[in-house]
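The same chain A turns up in both complexes below, where it pairs with chain B and then with chain C.
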Partner chain A sequence: MASLSIDRVTKTFGHQTVLKDVSLDVRDGEFLTLVGASGCGKSTILRVIAGLEPQDTGSILIDGGRVDHLRPKQRNVAMVFQSYALYPHMSVADNIAMPLVMQRLRLAERLPLVGRLSPRRGRVMAGVKGEVEAVARQLQIDQLLARRPAQLSGGQRQRVALGRAMVRHPQVFLMDEPLSNLDAKLRVHMRAELTELHRRLGSTFIYVTHDQVEAMTMSDRVALMDEGRIIQLGTPNELYHDPLDLRVARFIGSPGVNVLPGLVLASGAVEVCGVKLPVEVEAKEGSIVDVGLRPETLSLDAHHPGCPRLAARLQSVENLGAEVFLRFIIEAGPAEPVILRASLESYERGRHHGSLDGVVQVSVDTQRATVFDAEGRRIARRPVEASVVRLSVPAE
Partner chain B sequence: MSALTTTRPSPGLLFRLGLMRPDLVIRSAVAHLVLIVGALFVLLPFVWMLLTSIRKPEAVFTAGFNPIPDEFHGVENYGHALSQSPLLQFMGNGVIVCAAILALQLIFSLPAAYALAKLSFRARPLIFALVLMGLTVPEQVTALPIYMGLASIDMLDTYFALMLPFSLSVFAIFLFRQFFKSFPDEIIQAARLDGFTEFEILIRIMVPSALPAIAAFAVFSITSHWNDLYWPLVVTTSPEHATPPLGMMIFRDQETGSNYGALMAGATIITAPLVIAFLIAQRQFVRGITMTGVK
Partner chain C sequence: MAVLAAPGTQPIRRLSSQPRVEAFTGQMFALPALLLIVGLLIVPILVVIVLGFSDYQLGAIEWSWIGLGNYQRMLDDPVFWRSISNTFLYVAAVVPGSVLSALVVAILVNDRKHFKSVYQIIYFLPVTTTLIAMSVVWHFVLNPQLGPIAGVLRALGLPPVDLFGDPDLVLIALSLIGIWQLVGFNMVLFLAGLTAIPHDLYDAAAIDGADHPWDRFARVTWPMLGPTTVFVVVTTTITAFRVFDTVAVITRGGPIGRSEVMLYDIYLEGFQYFEIGYASALTVVFLVVVVVLAVLQAFFLDRKVHY
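Right, the complex of A and B next:
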């Protein structure tokens, strides 16, 4: 267990700067996720922390102490790789045992034949065997110890890779997209299992993924990366409801946020598709902005007094059972549709009354709208005025 | 959807029912014919060698193409070959030289190949270019300088002289480098995190995974040096260090004259170990291929 700090790390490959002055503090026992599109530098951070790639500038600190000069094995971090990186010709038991064998036997004792001459070796190996079995039982792979990686399924290999990381009780676990090679169902299952493992071990986890669902569901905090920088660091809730950058708003959430172009009016309201939204932003009159509206901020139920409405036509329906995603083309808006999340009841009611045919009035909950300037930075809002009615909960 | 897939017969079933397309049958037949003719060309000299080795000396040059000898003269021919020449000593020399060459080649080329494939250092492109250039230099070019060098340190006509020029194989470095190049980096990184030294990564991880390539290279190396006549002829003069082909030459000149039956018996005896070794290595190939499942 340990805290970890990344202090102004820069890393360049050839002419490409992969990490641009990245700083990050990970708390002791935290589950922190680095999320971003591929090529954003998130995996490089893990490799720099592990010592597999030396950084150009900056340092890595574990529990306050610099580890830049230490070799990978001396840093006491364990890594789980996307491809699992199991040793192909060794049994599962040997794969899991390797970190301990390497730690506890001296170089001479590890030699193929000469090593057996050491009287210490037998004792050490017996201890290792016991620990390997204990870890295997924890991960429920104790039946597979004699097999080779090629004889295992993806999920089983994943567990072996976890076992190899767990057996040495590292200060920090580094996980590089460990679930991305699994099928969808197993991935959901392993998500829960990893969270449980983190809770049980209480160790510091740094988890890299391109899947925002994994980031949202598993982490204490999420750092969203783009082009070698951390754009926003916060809890999953903060990233979802309070994105500081349009890239964050777009990346987090499924289906994605609706982004509509808007024009700031004198009052601070924003005109979107010819409709005035009372969002009261602190921006100059006449500036062009982007308004982010999550699918749940749009609603079919149009009977809230004073709430702004957008005239739109229904394009397609995606029924997930408990909820329904409706795609609308806004009459005076862009060509691509906006997505609205409705409860099944609200959708059925609308369909029953025939109010989904023709032009539909879509209500907007401006309270939860986020506004970004032309560079994609979030624009602050003035304190909410009493006249604005809160519309987030549709009345049944 | 599942009903659809179960009612559709698989190609394997069609094949079993003899419903293979006629054009495929013809193509397969032509391919087999070409292969059979090729195999005959390769195998006939060996068959002839075997048949001659059990013939009477008089029958060797009789007219006509009689494949089956009238009289079995094998015992005499093989007895003659084994008793009149130190054939077993030649073969012993061959084993010593080939084994030592192979061992040295692996000891030098595997670490070099690992470094060229997986470690990054400044001179890597230059060294790899030198390796590639080394591939283009024929053995005969360096023969004279090496001969003179060996002569000046008085090491001619020794096992050392027979092994020296082949102990470092650029071909092996190139072959293993290509093989290691395709080995996943993540496994090597995992090994570094686990505390393997670079040398242990090579021995405990890379070499076991490269066994098929090592077996393939061993076949190349052993056949070429077991059968090599050129270099032993250059540096060896005494029968004590003669390798099998050179020994056969000495044997022909001195002892047998034109006793082709015995000569062929000798040839059969020195060819046999290679064939046996190859069959063993072939089994290793297959095992190696089925064992790989890195993903």
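Right, the complex of A and C next:
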């Protein structure tokens, strides 16, 4: 268990700068996820932390101490790879034992034949065997110890890779997209299991994924990366409800956020598709902005009397059982549809009354709308309570 | 009744004939390959086996079956035993020599960042040349009077070494040429094996503590090259058994029979002395030895490297 700091790390491959002055503090025992599209530098950070890739500038600190000069094995970190990277010629037991064997036997003792002459070897190997079995029992793979990786399913291989990481009791676990190679159902299952493992071990986990669902469901905090920088670091809730950058808003959430172009009016309200949204932003009149509206901020029913409404036509329906996603084309808006999340009963009611035919009035919960400037940065809002009272009722 | 029976029997016949038609089509597609295999491999081998039981001489009008006579003759033929033992000695030197040096060269070349392909070409060049021509070159290079090596030795005041004339050195000299010729090909095979090793494994090994060059080799590289090594050993063994060109061009089995090898013996009996029957029997023995060795190697080694 340990805290970990990344201090102003940059990394270049050839002419391409992969990490641009990245700083990050990971707390002791935290489950921190680095999430971003492929090529954003998240895996490179992990490799720099592990010592597999030297950084150009900056430092890595584990428990406050610099580890830049240490080799990967000396940093006391364990890594789980997307490909599992199990040794195919070794049994499960030998795979898990590998880090301990390397730590505890001297080079001469590891040699074939010659190594067996060492009186210490037998004792050390017996100890290793016991620890391997203990870890295997924790992961419920103790029945598989004699098998080779090729004889295991994807999920079982994943556990072996976890076992090899756990057996050395590392200060930090590094996980590079460990679930990407599993099928969808197993992935959901392993997600819960990894969270449980983290809770039980209490160790520091740094987890890399391109899947925002994994990031949202497993992490204490999430760092969202793009083009070699961390754009926002926060709890999953903060990233979802309070994105500081349009890229964060777009990346987090499924289905994605609706982004509509808007024009700032003198009052601070924003006109979107010909409708005035009383969002009261602190921006110059006449500036062009983007308004982010999560699917649940749009509704078939009015949020409150007099809330703004967008005239739209229903394009398609996606029924998930408990909830329904509706795609609307806004009459005076962009060509691509906005997505609205409705409860099943609200959708059924609307369908029953025939109010989903023709032009539909979609209500907007402006309190939860987020506004971004032309560079994609979030624009602060004036206190919302006051603005609700002053809001002018749009004509229907 | 016939009218009634017809609709009932027809579908049944169609069902049962369908797989037969498919099988026939499949056999027809396989026929050209089958004919080639039979014509180019099976029939010649059978002819050789049959001729091995005869005393047929090339161009002879009269010949007769002599049963195991040729094999009986082999047992008493000192040339046969010399060629067997020389061939095995040659194989025993060339296989480990060319496989191990190819492995070392492949690992060294693979680790190079610059001029990698230049090294690959240099080591591969002997493979692309004709061994007959190269034998002439080697003959000249190592000639004790005219060769550049002898010239260097003379300049250093050392006595010239006649590698091909010395009964104790001739097999070593031929083995070295054999190794020189095979290293490039084996290196290419090992290089292909090396590129197939996932880099993640070396990363995992580095984190697990196996970052010493010996550990990297013993724990990752060597085991991962297992299947490649089996293939290389088996093909090298077969190639080494077929040593002929260098012997025929440089030494002609000499001096005093110290470089007589199986294929050269067969060649002499068949095409110099026209003893086709005896040469056929020798060929059968050669074939059996090579096949048995190749199968044994593949069987034992494959079990060790299987994962």
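By our rule, the second predicted complex is superposed on the first by the 382 of 396 C-alpha atoms of A that agree within 3 Å, B and C clash if a C-alpha of one lies under 4 Å from a C-alpha of the other, contacts with A are read in each partner's own complex, and residues count from 1 in each chain.
By our rule, contacts are C-beta pairs under 8 Å (C-beta built on N, C-alpha and C of every residue); 3 or more make two chains touch, one makes a residue touch a chain.
Since the structure is predicted, the reported quantities are computational estimates derived from the model, not experimental observations.
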| item | value |
| --- | --- |
| Three-chain arrangement built on chain A, chain B and chain C clash or fit | clash |
| Touched partner set for A:98, first chain B, second chain C, both or neither | both |
| First (chain B), second (chain C), both or neither touched by A:88 | both |
| First, second, both or neither for A:218, with chain B first and chain C second | neither |
| Touching partner for A:166 - first (chain B), second (chain C), both, neither | neither |
| Chain A positions touched by chain B in one structure and by chain C in the second | 47, 50, 52, 71-73, 77-79, 81, 83, 85-89, 98-99, 102-103, 107, 110, 112, 148-150, 164 |
| Residue numbers on chain B that touch chain A, as the complex places them | 184, 186-187, 189-197, 200, 203-205, 208-209, 291-295 |
| Sites on chain C touched by chain A in the complex | 198, 200-201, 203-212, 214-215, 218-220, 223-224, 226, 305, 307 |
| Complex interface listing, chain A residues touching chain C | 47, 50-52, 71-73, 77-79, 81, 83, 85-90, 98-99, 102-103, 107, 110-112, 148-150, 164 |
| Sites on chain A touched by chain B in the complex | 47, 50, 52, 71-73, 77-79, 81-83, 85-89, 98-99, 102-103, 107, 110, 112, 148-151, 164 |
